[in-house]
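A, B, C and D are the chain letters, set down in written order, and residue numbers restart from 1 in every chain.
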Amino acid sequence: MKGRYDDENLKWIPILIIAVYLSPFLLKSATFSYKYYLYILNMAGIYMILTVGLDLLSGFTGLMSLGHAAFLAIGAYTSAILVDQAGLPFELSLIITPVIVGLCGLMIGFPALRIEGMYLGLTTMGFGFIVKRLIIAFRDWTGGSAGLQVSKATLFGFTISNDWNNYFMIYTFAIIAIIVARRIVKSKLGRVFMAIRDSEQAAQASGINIAKYKMLSFFISGMFAGFAGVLFAHTNHFISTDHFDILLSVYFIVMVLVGGVGSIYGAVLGTLFIVLMENMFIPLFKDTLTQYMHLEAGDFQAFIFGLIMLLFIIFQPMGLYGMWLKMRIYWKLFPFNPRKRFT
Amino acid sequence: MTSLFTDINQEIVSGIALGSIYALIALGFTLIYKATEVVNFAQGEVMMVGAYVNFFFVTQFSGMAGGLNGWVFTAALLGSIIFALLFGIILDYIINRPLKDEPVFSIIMATISLAIILRSLTAMIAGPISLVPVSPFGNNTIKAGGVVISVLDLAIIICAFILMALFFFFFNKTRWGIAMKATSADAEAAQLMGIPVKKVYRYVWMFATLVGVISGVLLAPRMALLDTTMAYLGLKAFPAAILGGFGSIPGAIIGGILMGVIETVSMGTLSFHFNWVKEINDIIVWIVLIVVLMIRPDGLFGIAKVKRV
Amino acid sequence: MDNLKIQNLHMNFSGVKALDDVSFKVQKGEVFSLIGPNGSGKSTLFNCINGFCIPQQGSIKFENVDLLKIKPHETVKHGISRTFQNLQNVPYMTLLDNVLLGAHRRLSMTDTFNRWISQKEREREEAMALEVLDFLGIANFEKKYLSGQPYGIQKLVEIARALICKPKMILMDEPAAGMNDQETLEIAKIISEIRDILGITVLVVEHDMNLVMSISDRICVLDSGKILAMGKPVEVKNHPEVIKVFLGDEAHA
Amino acid sequence: MKRTVSIIIITALIWMGCENRTTSPGVTDTEILVGNIQDLSGPIKELGLLIPAGTNMYLDYINAQGGVHGRQVKMVVEDHGYNPMKAVVAAKKLIEKDQVFCLYNVIGTSPAEAIRPILEESGVPLIAPATNSSSMSDMSRQAAKYIFHTDAGYDLQTRVLIDYILENNPEAKIGIAYQDDDYGANALKGCAEAEANHGISVQKESFQRGATDFVGQTMNFMKGGCTDVIIGGVVREPVTIMKTAQAIGYSAAFYGLGPTVDPRVGLLAGEAGEGFIAVYWAYYPDSDEPGPVLYQELCEKNNVPAKMRGLYHYYGFATAHVLVEGLRKAGKYPTRKRMMKGLETLHNWESGVFPPMTYNRNDHAGVESVIILQLQGGKQVAITDWRN
């Protein structure tokens, strides 16, 4: 019986983790402007923590959330207030903030017990607007619409001050987050979430309290987002309501979708893909293109982004992870064409 | 100090005008949702494209006619309507057909990416500088019973109600409308019953873009300046559509008008008397929406879907 | 000995009478079948027992537990599990995971936090799931994803999920729907084995008369929410009302 | 160890030997590269087109005259779409990858605030951020010594307007319609100052960015009996409020803050906008000061289309003066430090577009006085001198 949990090919995981820690050194030796690339990777790392949590909620439990930027915002502001105004150490905020955000998740999870699908997506979107508004309303603590300067992270006496240090902190936490998410998915909890997504009746008939686990899903997802929020605030050193636009929530869903709904590795891949594409590849493409023709660069960038997204959804609905699985199976069974393997 | 409800009539009338705009956009959502169960996040963008296209026609035709007159506006409106119908067919081909059986998730994302594409494409073609649209009704206003309303607003209200009545009649009384209803209930069964489902989808998207374009044409002069931020009004029409209950045509109109009135009154009378209302002015519609959904999870006029076990 | 006791059940769906004064008792260890034309209230009755629907009137008692007072997910606690008419399982999960879903109540949350702490518990449940799959004859598929599997196997997985709850009674909603003759025979065999070997009461809704007649200890015939006839298969088969309304040709075929 | 020591010694020697000749990244013998982060795809992309166009017009003019100390000034524009996160990415790209000499005119308060930590980290100065938030030039704040602010804050503008209103009509009841964001928050700050100075209370009504309907606010001003209403907005807000007021028969004097000084206000508001008063912190393009005259000349020469001319195009042209002056002051071998030191020596500097400007170690505020303009026959006419 042993080994059910190890049926996947896990031997690549340590190699991947080592690669994650080595890549900044490679970057540094390869390019002089490594700080710019590191910053983008850091951003992807923070978003990764959030999208993994979002995947647990939207991909696994099937509860659509268009308000995850709001959770990120609550996490960022809570941590900023706790550390800078209440004087809590950063390590403690790293524990308390996710719990607080998780509780906020419960608050929005409560309507989710009655509202479904489309309606839930738009309700969470409304939640995003409400949070943004409340941040402005509590301007004595949050700095209102002018934004808030945040101190640097101090982890066990080390001040994490530059992109280099941020990278190692963020990716350590990101790896932890991914491992935790994998544990959740591979355990009883993951089964329950998927059962709620695919058949509420079957779940209930198996003795699963749907309300409890939906709330739990929101709580866990909120915790992930809160964790990302803490890192977001203390590595960017400035937060404002403009950071947490409704469009950001949409981007998070896009990341999950492009990666492949209902797969933790998919969420990670999708986040990397979208962040890198938006901040590196499209600008590169645009830069080379604008040398030859006159273009309104900004809109062109948005246009390409939208186009890639649309093509992805139409032609590759299983996402990047699904693509990878298909490819793997294709090579495994090479002479035979397992076309119907993933229908 | 004046009493609480002085001049609230004016606010309500203006709220109805504002709400009619939301209602028109919400009607676009509703039409598509009713027949295809797709929620079109790009409806605001369709409206914006309509406004730009109409602007283009107006400038072209006025150049030909040597000035602005009633004929120019009529011709431009006709041109925009033809454009809307073609546009609907295109959207049906690129959004609806490839994504018919995908989960809600993908469809929402597809329409969102369509929204991004439309917005950036419009800006690329028209340039980022705001345009100055001209109202066919000028600055004329009508005064009645101590209440002032501009002719443009009146046109928007009338248009919203006419379109609602038209579509309500269409969906409940005509053969095609009933076919559309059947398609929304079960596309496969409808196809087996001999309903040309493909055609139904195409018509629905054409109707929706038509409504979107007409609302864009009407709304543009009201905005004073026309730029791509106009599309964000689509976001404000969402609570309206949900409040009424997605898929209900009278619900879209009533939800829209309710939202408009709530917004105007909260910005006016309410925030005049209660200072804290100012803090929640722009989210009051969302708060109302969430409260309503907690009580009626399918909106005011929505019908709960029964899932068979 | 009574196991399930249903008394004077009334259920209205906005004017339509789905159940009209239904009462019967099910004894421990028997296969009790509910038959009747479409829309006669069989599934509604199941949903009432399961807690998905709440009847306007009447009582449902299972071993002195009032089933109307508990929530759907609590029925398992009291020993009732069920399968569904149309497939209700999780396609993107392995067969084993789908079965383990039924063992939900017996697995603790520690599994999520540390798999070593709950190692024993997990191994126990997995062994049991395998046993159940073996019982149903699909043991070699446990690591396959459900999404690509044939309909018959998916149906069996539902039964496995219901069995692993260690129920005292199973509600089976059309277990043989959409199956070929071979598979139907197999289902019949499984149902009798569930009764004989595991000693579990089985409540079946089914349209396949051959199956019903061959496996049932007692049969209840429903028509538009009313009980038409009840008794041993032979009695029901020869009941004039039943022949008239429902069985008709089939009884003489 | 040996190697480290030798490297230190060699570096020190080089540094000592050619101190006056070292230059910063972004400077070559023929070129100086300047980075600009604009909103090219977001809500204010109109400005993202117009401001760099205006700047480029002036830079072309300077380059045609031989550039600054023989070097051509070149500007790279990046997009942030009014998203602070993207602004940081763009700033990192400009500084690390494109190696710009300095940043210039980053638009928007939150994007500019978001790149503050980067300025401190990399020592790159930011000249003339396009934001009227007065906190930008607050020297007590982080990285403020790298920021050279030009715009007069909205608080100052609001205060000056209220002073002006009360000067002409001590009995005036003042109302303010403010945008529900940083713009409005700054205006309210000035409003609070004026309230304290004069012992009055101002009726405040908020609206959201992008709102199209202002009936509620206008009604409230009428109910509150306001005789003078200040409108913080861009173009749509003053136009719509004035038109609404006219329609419901509410007559008050209307005033606007900086961004409302746009020719389109007069165009759109028509007769409702006649007499509309607004403040601005530079000479208006129509006036006959040297700066505006040059602007008109260059526009004619370059055939700038009429729809591009106006407030924002001119704004890009105007702030470019400060940039070029800073590059000049940086000397023949410019470094970022020298540029900052040079700018800090400016005292009552007459640029021709701005009122006399002063920067020093403790003051990076730049323009600290505004002029009041009135819409007369569709044209802006100055009705006061510089005030503060």
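To be clear about the criterion, a contact is a pair of C-beta atoms (placed from the backbone, for glycine too) under 8 Å apart; a residue touches a chain by one contact, two chains touch by 3 or more.
In this text, all values refer to a predicted model and were calculated from it rather than measured experimentally.
K.L.:
Between subunit B and subunit C, which partner chains are common?
P.N.:
A
K.L.:
Report the most central chain, judged by the distance from each chain's C-alpha mean to the global C-alpha mean.
P.N.:
Chain A is the most central one.
K.L.:
Give, as an integer number of Å, the spacing between the C-alpha centres of subunit D and subunit A.
P.N.:
Result: the chain centres lie 36 Å from each other.
K.L.:
Just how far, in Å, is the C-alpha centre of subunit C from the one of subunit A?
P.N.:
41
K.L.:
Just give me the whole-number Å value for how far the CA centre of subunit C lies from that of subunit D.
P.N.:
The computed centroid separation for subunit C versus subunit D comes out at 73 Å.
K.L.:
Touching two or more other chains, which residues of subunit A qualify?
P.N.:
136, 201, 296, 299, 301-302
K.L.:
Which residue numbers or ranges of subunit B touch two or more of the other chains?
P.N.:
120, 123, 127-128, 282, 309
K.L.:
Give me the residue numbers in subunit C that touch at least two other chains, ranges are fine.
P.N.:
If we look for residues of subunit C contacting two or more partner chains, we find 52, 84, 88.
K.L.:
Can you tell me which positions in subunit D touch subunit B when the two form their complex?
P.N.:
On the subunit D side, the touching residues are 40-41, 43, 45-46, 48-50, 180, 204-208, 210, 212-213, 215-217, 219-220, 222-224, 235-236, 239-240, 243, 247-249, 264, 267-268, 270, 307-308.
K.L.:
Subunit A touches which residues of subunit D in the complex?
P.N.:
39-42, 45, 48-49, 77, 79, 81-86, 88-89, 92-93, 95-97, 108-111, 113-114, 116-117, 121, 133, 135, 141-142, 180-182, 184-185
K.L.:
Within their complex, state which residues of subunit B touch subunit A.
P.N.:
Contact set of subunit B toward subunit A: 39, 94, 98-99, 102-106, 108-110, 112-117, 119-121, 123-124, 127-128, 235, 238-239, 242, 246, 279-280, 282-283, 286-287, 289-290, 293-294, 297-299, 309.
K.L.:
Within the complex, which stretch of subunit A touches subunit B?
P.N.:
58, 64, 111, 114-119, 121-123, 125-127, 129-130, 133, 136-137, 201, 246, 250, 253-254, 257, 261, 295-296, 299-303, 305-307, 309-310, 313-314, 317
K.L.:
Show which residues of subunit A lie in contact with subunit C when the two form their complex.
P.N.:
1-2, 4-5, 7, 183-184, 187-189, 191-192, 194-195, 197-199, 201-210, 262, 340-343
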